[in-house]
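Here chain A shows up in two complexes: once beside chain B, once beside chain C.
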Partner chain A sequence: MLSTDLRNNVLVVRVEEKRIDASRAPAFKDEMTRCIEAGQNQLVLDLSRVDFIDSSGLGALVSCLKRLGPRGSLAVAGATGAVSRLFTLTRMDRVFALHPDVDTAVEQLSA
Partner chain B sequence: MVSSISLSIDSDLDKVSLLARAVRALCEDLLSPEDQDAVELSLVEAINNVIKHGYHGERGKDVQVAVGLQADQVVIEIIDHAPPMPTQVLDKPSEDTFTFDETDIANIPEGGMGLALIRMNMDEVEYHSSESENRLRMIKRIAART
Partner chain C sequence: MKIRHILLILTAFLGAALLIAVAFQIRDELLGYQTAERMAASNTVRERLLLGTAALASERSQTYVLLIGQRNGASGIMELRDVRRQVDDLLNTAEREITATQASLSNTSSSLATVSRIRREIDALRQQADGLIGLAEGGRGEEFAPHWFQEATRLVEELQSSRMTILQRERPLDPALRTEANLRAFGAILSESIARNQALMSRALENPSEISGLEVDAISQNAGRAALAWELIDGQMVVPLSESVKGAVSGTHENYSSTFAPLQRSLIAALLGQVPPALGPGEWYDLTGRTLSNIALMQRELLRSTRERLDAELSRTRRSVALWSALLLLGAAAVLASIMVVRRRVVRPLESLSQAMLRLADNDLEIPLPRLARADEIGEMNDALRVFKANAIQRQRTQNEKQVLHARLRDAYSQLRKDLEAAAVIQRTMLPPSARIDGVEYHGLFRPSSLIAGDTYNVVRRTDGAIGFFQVDVAGHGAAAALVSVACHHALSQAILTRTQGTPLEEIVVQINEEWPEDLPYFTMILGEIDSRSRRASIIQAGHPSPLVIRSDGAVEMIGEGGFPVGMLPAASYERLEFDLGPGDRLFIYSDGLVEAEDQSGEQFSEVRLRTFVRDAAAEPSAILLDRLNEVLRNWRSTETLDDDLSVLMLERSAERMPANAVH
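Take a look at the complex of A and B:
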């Protein structure tokens, strides 16, 4: 469900599905964990194709952040509508840096 | 205008999005896109809770959803036959769920957010358990058109 692209030492991970819900959260978490365990510690998660995330999806994202630990960073790009509002509502916008698009996020992380 | 419809799925997480999209489509003419999002998220969270916690992920159990479209509100009831939600879950104030310290990464919640999200997204939420069933009733009021 993910595709990856390395840009300026930042791994851009794009979610290729429209929903990250309870049925997809375990697969999402597994694929993200593989990226992290491959040694990537600067990640941008591109959510521009996602139109729905539930609390299971959000929990999987938090779990990835914990896995990454203090050595890394996980930024979010392209969240709009209901996805963006979920981050605000749950105050997860304080936990994940939200960027309007991938370019901005990569620029910030590689600066 | 009052109309109602009952939908049901098997207790399978793969089927929740079908129901969510169906209910969202039913509300399309009545609610703003933001309110449709709120209803869709609340419905998904409620059904996930039933499947994951009520039925412990076991398939082949029934989850029913009754949708009532009224002049001033949308009423959604989720009916299941699992053991009822524990009172300590129901009594936990919603605002506590999201008052974590964002600098303390280890203690940021990964779960237990569903009911709090439902309460934040719907105008009224009630939970009733009887010997035969549990019923979560959620209401979204229709904003007056100006």
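Take a look at the complex of A and C:
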């Protein structure tokens, strides 16, 4: 469900699914964990294709952030609509660095 | 018709065909045997008749010469008695043989009658002759002699013809046999011709000068017949005959041509030329007798050869019948054995196999399979059937195991469901029923996605008169979320009740968030408080959707913009929002399951539709508004079920002050 692309030493992880809900959250978390455990600590999560994230999906996102720890950073790019509203409603816009697109996010992280 | 029956019928049919063929062959052989038997019988009869005829001819000559007064000494009479005894014996034997062979020969009675009649006539003739033999000097014997000769010749001819009749009836097919029969017939003509001349020439030589031309003609005719008979005999010799027969014939002919024939010719010539013949009657009689016995020897050789041939044919056909009968028995035994083998090796195993197959097809796995230790097709079929059966038993066992497992799963599931249903009843009893406390009326809508929900809410009255309330939505749903929601329900209710006056409301949330175990799912909530003595109300928004305020005039407002969920980040901070909630104003708190409820095409109900609905239904009392909302959602989903837990809590400050503690 994820596709990855290493750009400027930043791993861009794109979610290929339209939803991250209770049925997909465990798989999403597992795949993300593998990326992080492979040694990547500069990650951009591309949510441009995602329409909807439910509470389980949000929990998975936060647990990835926690696993990355203070050394790494997980930026979010391309969050729009319901996803963007969820970030706002749960104040996650203050926890994740949100970017309008991947390029900006990679630029920010690699700077 | 079944294959096993076809096999049996085919085997039986083939067997029957074989046996019938052999039986026909046996019938043919039996017929051949009967024919040979008949031939042999006919031959025996004819043999006696032939010898009898020759003997009668000899008697004729003997009697004739006695009658004309030649050789009439005691030895002549003795010889006559001997030859008569011979004739009687042979004709007797012939009669006996004819009687004995009545069974196999046809039309024997007429032959028998002829022979009997001839014998009677011979007897009568003999009596006539006997009276005259002694008185030959008187000349009466000489007068009777021609009559005797004529009558005796007639009887000889009749005997010959009765023999020929029998030969015609039982004519042999074998060329050698036929030839030998012909040779005997011609031999008989030869012998008769010579025998006649034996008598006639004797008389002519007695008194050559008195002999008439007619008598000499008769003698010449007889000599001609003899020569013709030899020609006929020679004509038969082209057919392969046994060496002994050939030898006998050529020897006799040689003897005849070298001695008898030239002598007879010279005597006839002398008689015709009126010159005295070179030979006396006695010498002629003896010479002719020797020639006749030579011919008789030839005839006996022919008879012996024919007898041998017929005996050989009889024993050959007997052997053939025995051989074919043995073959028939062998064939019958082979047919029986084939049928037995087909029955034992094919029919019975097939029968038991097909029965076993049918029973197996009926799912009867108890049926024992035939025990066949065979490497042929039936053995292979049996082995395959064994594998089928083993597989069927294995399949049945697996099926049974599956059924047992299925039953256990069903039990476990029903136990789980019962547990969940009990839990659901408990969870519902924890939710406050619609009521009014100190001028605040509240109603709830609670729809779990499964039996139990991660959503919960409560309304609690504090001793200081404030009305505390909360609505919680634990991340995820199902049993785990439900358990956490129960824990939250208890913790929040207790926290509202035990909070010392003056402690800010957000302190409760901060404390719970800090102490929240990291392993548990986080939750979002609205925690709030309505001051029953003022128009004010306050809430903490912890990641929960922003509640709506429905003013008494129908205006709809949204309170709050967001906040951290509880149990996600230990360091999160929370803010209290204070707002007016006047008489008739209503607070509408809902979990995200409401706006995220999707229709068939995946479209969410959304905040926009919710606000439109609330605005449209603002005039309705809270209970009715919630009923209608529930109805609208059902229509939206087109189904009874939900993907996420859904709950709504509505609180309304009464338009008029109601007495404290009044609950409806």
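Going forward, the second predicted complex is superposed on the first by the 111 of 111 C-alpha atoms of A that agree within 3 Å, B and C clash if a C-alpha of one lies under 4 Å from a C-alpha of the other, contacts with A are read in each partner's own complex, and residues count from 1 in each chain.
The rule is simple: a contact is a pair of C-beta atoms (placed from the backbone, for glycine too) under 8 Å apart; a residue touches a chain by one contact, two chains touch by 3 or more.
Owing to the predicted nature of the structure, the values given are computational and were not obtained by experimental measurement.
Bringing the complexes onto one copy of chain A puts chain B in a clash with chain C. By the touch criterion defined above, A:Asp54 lies against chain B and chain C together after alignment on the C-alpha atoms of chain A.
When both complexes are overlaid on chain A, the residue A:Met32 reaches neither chain B nor chain C. In the superposition on chain A, contact of A:Thr88 is made with chain C only, not with chain B.
Look at A:Ala22: by the touch rule set out above, it reaches both chain B and chain C. In the superposition on chain A, contact of A:Val62 is made with both chain B and chain C. Touched residues of chain A, counted separately for chain B and chain C, are more numerous for B. In the superposed model, A:Leu43 lies in contact with neither chain B nor chain C. Overlay on chain A, chain C versus chain B, candidates 95-103, 131-139, 401-409 or 599-607: the clashing stretch is 599-607. Applying the stated touch rule to the two superposed structures, the overlap between the chain B and chain C interfaces on chain A comprises residues 22, 52, 54-56, 58-59, 62, 82, 89-91, 95. Those residues of chain B that touch chain A in the shared complex are 13-14, 16-17, 20, 33-34, 37, 40-41, 44-45, 48, 51-52, 97-100, 102, 105-106, 108-111, 113-114, 117, 120-121. Residues 473, 475-477, 521-522, 524, 543-546, 561-565, 568-569, 572, 592, 596, 604, 644 of chain C touch chain A in their complex.
Those residues of chain A whose C-beta lies close enough to touch chain B in the complex are 19, 21-23, 52, 54-56, 58-60, 62-63, 65-66, 70, 81-82, 85-86, 89-92, 94-95. Of all residues in chain A, only 22, 52, 54-56, 58-59, 62, 82, 88-91, 95 touch chain C in the complex they form.
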